[in-house]
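Right after this note come the structures.
The same chain A turns up in both complexes below, where it pairs with chain B and then with chain C.
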Partner chain A sequence: MATVSETTLVAPQNESGTKWWTRFLDPSERTLAVLLLMPAALLLTLIIVYPVCRLIWTSFQNLSLTSGLPATFAGLENYSLMLDDPVFWETTRNTVLITLITVPGALFVGLALALMANLPFNVKWPVRLSLLIPWALPLSFAGLIFAWFFHSEYGVVNDVLRRLGIEGVIWFNSANWAFAAICLTIIWKTSSFMALIILAGLQTIPRSLYEAADVDGAGRLRQFFEITLPLLKPAIVVALIFRTITALQTFDIPFTMTRGGPGTSTATLAMYIHQNTVDFLDLGYGSALAVVMFALSMAVTAVYLRMIRAKG
Partner chain B sequence: MTLKTTMTLLLAGAAMTLSASAATAQTNLRVFVSSQHRPDVWRKAFDMYEAKNANVKVTIETGGNTSEQQAQYLNTVMTAKDPSLDIMILDVIRPAQYAAAGWTVPFNDVLGNDAASAMKRYLPAYAEANTVDGKVVALPAFADAMFLYYRKDLLEKHGIQPPQTWGELAAAAKKVTEAEKDPNLQGLSFQGKAIEGAVCTFLLPYWSMGKQLVSDGKLSFDKEAAVKSLKLWKDFVDQGVAKKNIAEVATDDTRKEFQAGNVLFAVNWSYAWGQFQGAESAVKDKVGVVKLPAVQGGQPASCLGGWEWGVSAYSNNKTEAQKFVQYLSSPEVSEFMAINAALLPQFPEVYTDADVTKAVPWFANARPVVETAKARPVTPRYNEVSEIIRTTVNGVLAGQSTPEEGATQMEGRLRRVLR
Partner chain C sequence: MSHDTTASRSLFSGTPLRILIGFILVVNGMFPALWILFTSLKTEAELTVKPITWLPHAPTVANYLRAFTDQPLLLFLFNSFMVAILSTALTLFISVLAAYALARLQIRGRDLILSAIIAVSTFPLVTLLVPLFEIMRALGLLNTWVALILPYTVLSLPVCTLILVSFFEGIPRDLENSAMIDGCTRIGALFKVVVPLSAPGVFTAGILAFVNAWDEFLLALSFNSNPALRTLPVGITLYQGEFAFPWPVISAALVVGIVPVAVLIVIFQERVVSGLTSGGIKG
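Then we have the complex of A and B:
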């Protein structure tokens, strides 16, 4: 009896043990899916979910590393400070303006570049290479290079203007010209990215469509609007999403070209966040600003996603 | 060689190494020195200390070429509680900030019971800048102030005395530039770029009108004086006394343009003097230096500069580091740096030292300027105060806003920070 009871006592434990193990040794499709997704999910939690939650939490705190005081809960104080902070409004306005100007700007220039690169050249690589170079250049390099181009005394832009008999302007001495110089630089820098994606889209359009259009007697312009543009739409939307989100986060080019000057007239929201967190070590206020920028990016992404879904 | 002798030799060798390392428990001190303040000459001062203290080895770290860039780097080191830096040189505006953040160790223990009397040896402004609530938070490395540099040859040629007021300066600049007919000659160069120097640009006439920005930790902003100060500089641009793109000019641009012979008057720190006398200077022996002009009916005012040695709160060698800083902040090192690097002394008596006056004769005239120079506001949130002032000055000079608008913005933003 005793032995029997012993075995009966041990057996269920063993059984449950094997059950626990067998699930992983011979997993169902569902368990396998969970297992395989686990590392990625954990990594995402660690590098995205946790920092975002921490950021939102810090935005409700009074946390300044220069004060030497520990963090205290501040409620919505950082957000209410933001509402009557003129620099916050100015940098937000600049960020939105840069987005509204450079995204369509880069789209048009990028489209033109892609169409040119798609022409039947005998040797393709120089064209492709020149398309790639602005894209491959680090943003801050582009900013520093163009800061020299636009320098009022030693810059190539004013030199060319002078040779043409036009009196150049002191670009970085005026809010509007400095803003224009920054927008031109951003368009130059980012249109090649647009062009690359659009070029990939162009190459998926079958030649036969154009041949058929030729037979039907459609002109070049008609072909562009009736065939090329509609079939490019998916590529253009993808390019626009990426470009808009990076435009909202514009930092490197104005930072290296003007440092936000003159005054704060070319500072962007991302630069203001950097200034508050890195220069002033005011992590509470900086986090609140970052939360606003995060919300702005999410809103724009949501609008695009809805556009894609509506199309689909 | 037998096994026995080999073993004996090995043992003896091991014993010697052990005893040697025991006798000199080596301390490695890592010191951050600003790249614009002659780290090569500081190295010599460090070598003299190493020669006397065999157990201490000092390494220099340097980087960034403006005060802001260096502060940015040190900010990251300190917020990371990184123990790799033991000692750092700090711009005079920073010891109070660092003390408030708990990044430096006070010197009160090593200075003995009477820290206050130890600090009395220094020029009063430096004793004040380095003492926070009775704690000595850093020790002065060297002094500095802003001066008016002028072209001695050109003023003599046109029979003009160095100006006492900003109005006289404008008149003198117009007279000389009109007579010289040199399109490259600027009347006055100062700092209009949004850098730390632009804070002083704003404060010079503001102080000259007898106004303070902060009193007893509270904002004491005088809007009328602020408008006048911004207007003074903007008028220089509008009247053609200063060049149109002065909003792009940083401290070293002023120095370079004056050194190239393109500037009649320049507002700059003491470091420029040594460079003007250098071999590649176009104005060698043609430069005069005096105290800065005053506003009409006001007192002349200069901006207090200078740098201080602080010991990191995260250093693993605090005691050795403090001992070393006491040496660095001594009259002997001050004299050495004055003679070899033309850094202004933080001790009043070193200015009149025979060796110093022989090497840098103009130091005798510099002392009253340094003694009357005013300190920028002392507040833990100085970085924000500085940013507000310099971007406003920059915006007004670029014509982005009027002096009135600038002063209103400045007041509104300063109230938020110093609330």
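Then we have the complex of A and C:
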């Protein structure tokens, strides 16, 4: 690489500049590593590290853009306000319920889809696409599509129920049915990603294990519980962590399906944060709510990581 | 899926049963999109017939014309496309650099950096709504593409970096070294040798980043309230009137929004599956 500067000797006045460039383009390994990681580090600092610090700071402030007053230190006021706020408790309860219902729901549906998709089909692309399309569909689109599905008059769900001789319900007029519709939509939307991850795990299980089990006379069911499930565990745990974290952030589907209604009966914590921040411009209170969600998802990650380590 | 490897293999043996199971899978995956396509082709009158019809009796494209004229759908598509493509380009550039450092260079604390990347991938970006809103406001970036491009880049950076690290590790060092003997700098070798040879990985990472950005809703809704800068998912919610819900028009707009990503998925399905699952299992 030293030859680079020799070729530029014709312009000696530029020599120091050339050397600087040479050093820049071909730095020592350590300098290069720092340079290469710098853009990622800068971006993460701007979008995650600094905002996290700012979030915690703002949550202890009185900061409402509608009042026009400068921010003042509020101590724990936002947090004590939260404890007495029934909407906070309702949205938190909804968020936790959605997580507790849709994460296992997506896991079971996803496992079933993966087992079915793992059959030796002659033509593979329709099955693969059927798992990919729900994944690629934006959550907000899924919310709108299923809002139409569950339409009380012209929705396909009530039509199918009617054909089966069951009286349909006015889904979005009742808190419980609206909540059920939202959970079903989330399970449909997220189970295909679960299925793709589990399917990839299934395909890494060596066939010889099942052949050996056949020889030993183990039945299909026993093979499933003693070979398939244990070997799938790493893939399932990873998928569960991601799914749980995203379930805690649920926003798009309830927002597009019900706007949180009737009342606030299907609103989630993320929707309440959004409302306080963007609609009410109450940044202090919005931040305190976000800190709670942050703590919730950190706790989930910690529990899962411990589970992985404990069972190795 | 080349051979049957699981316990399910003879549980579901027999062709008719297998066809039935394939049918269930396809209906589960495709029916919602198909239903919205049928709805988009129906006339307003047919939509309010009871009992409802399934296939459109007199297909019409009128709803598509209205979708483009009632709201600036083309503008929404353009905003979505530009935000997605620019954040994909930025994500790829930053993650190629970072992945090369992690795959090839001696770095102290490499494992720590990798764990930090995985931690970022599970980070709930929703919680940063307030500070990001404040930062974008302070920088005068609200109602610009940049307000979305930066967070979307962070959204996809972890998974793209992990995919690229594993691809870069598979490129023989000799190829890089011979390029450097030929006078390439190390960064030159990265972009002239390593990246082209990892094209499938770069491509996979790019599709994931594009789909992530195309799908995002909350930040787009919060940061770009100006109708001229709305992305497609946010723009489509504008079709809902105060009381009216013009379902055929919304359906047509949804179909228009689904097509670009569906085309991408159909063409690159195997790449996408490998990217999703490698990122998932590694993560």
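The criterion applied here is as follows: the second predicted complex is superposed on the first by the 269 of 312 C-alpha atoms of A that agree within 3 Å, B and C clash if a C-alpha of one lies under 4 Å from a C-alpha of the other, contacts with A are read in each partner's own complex, and residues count from 1 in each chain.
The rule is simple: a contact is a pair of C-beta atoms (placed from the backbone, for glycine too) under 8 Å apart; a residue touches a chain by one contact, two chains touch by 3 or more.
This is a predicted model, so every value here is computed, not measured.
Once chain A of one complex is fitted onto chain A of the other, the partner contacts of A:Glu153 extend to both chain B and chain C.
By the touch criterion defined above, A:Val278 lies against chain B and chain C together after alignment on the C-alpha atoms of chain A. Of the two partner chains placed around the shared chain by superposition, chain C is the only one that A:Ile205 touches, whereas chain B remains out of contact.
Using the contact criterion defined above for the overlaid structures, shared-chain residue A:Val87 touches chain B, although it does not reach chain C. Applying the stated contact rule after C-alpha superposition, one finds that A:Gly260 touches chain B and leaves chain C untouched. Between chain B and chain C, more residues of chain A are touched by C. In the superposed pair of complexes, A:Ser287 makes contact with chain C only, with no contact to chain B.
Of the two partner chains placed around the shared chain by superposition, neither chain B nor chain C is touched by A:Ile101. Judged by the touch definition given at the top, the superposed model places A:Ser130 against chain C, while chain B stays out of reach. By the touch criterion defined above, A:Phe172 lies against chain B but remains apart from chain C after alignment on the C-alpha atoms of chain A. Looking at chain A, you'll find residues 153, 278 touch chain B in one structure and chain C in the other.
Those residues of chain B that touch chain A in the shared complex are 68, 72, 75-76, 79, 97, 100-102, 193-194, 244-245, 247-248, 380-381, 383-384, 387, 391-392, 394-401, 409, 412-413, 416. For chain A in complex with chain B, the residues that touch the partner chain are 64-68, 81, 85-87, 152-153, 170, 172-175, 259-265, 275, 278-282. Of all residues in chain A, those touching chain C in their complex are 1, 3-4, 25-26, 29-30, 32-33, 36-37, 39-40, 43-44, 46-48, 50-52, 54-55, 58, 113, 115-121, 124-142, 144-146, 148-149, 151, 153-156, 159, 162, 188, 192-193, 196-197, 199-203, 205-207, 210, 220, 223-224, 227-228, 234-235, 238-239, 241-242, 245, 248-249, 251-252, 255-256, 270, 273-274, 277-278, 283, 286-287, 290-291, 293-294, 297, 301. Contacts from chain C toward chain A in the complex involve residues 1, 3-12, 18, 21-22, 24-26, 28-30, 32-33, 35-36, 39, 47-48, 50-52, 54, 93-95, 97-98, 100-102, 105-107, 113, 119-135, 150-151, 153-154, 157, 161, 180, 183, 185-188, 211, 214-218, 221-222, 225, 233-234, 236-237, 247, 250-251, 254, 257-258, 261-262, 264-266, 269-270, 272-273, 276-278, 280-281, 283.
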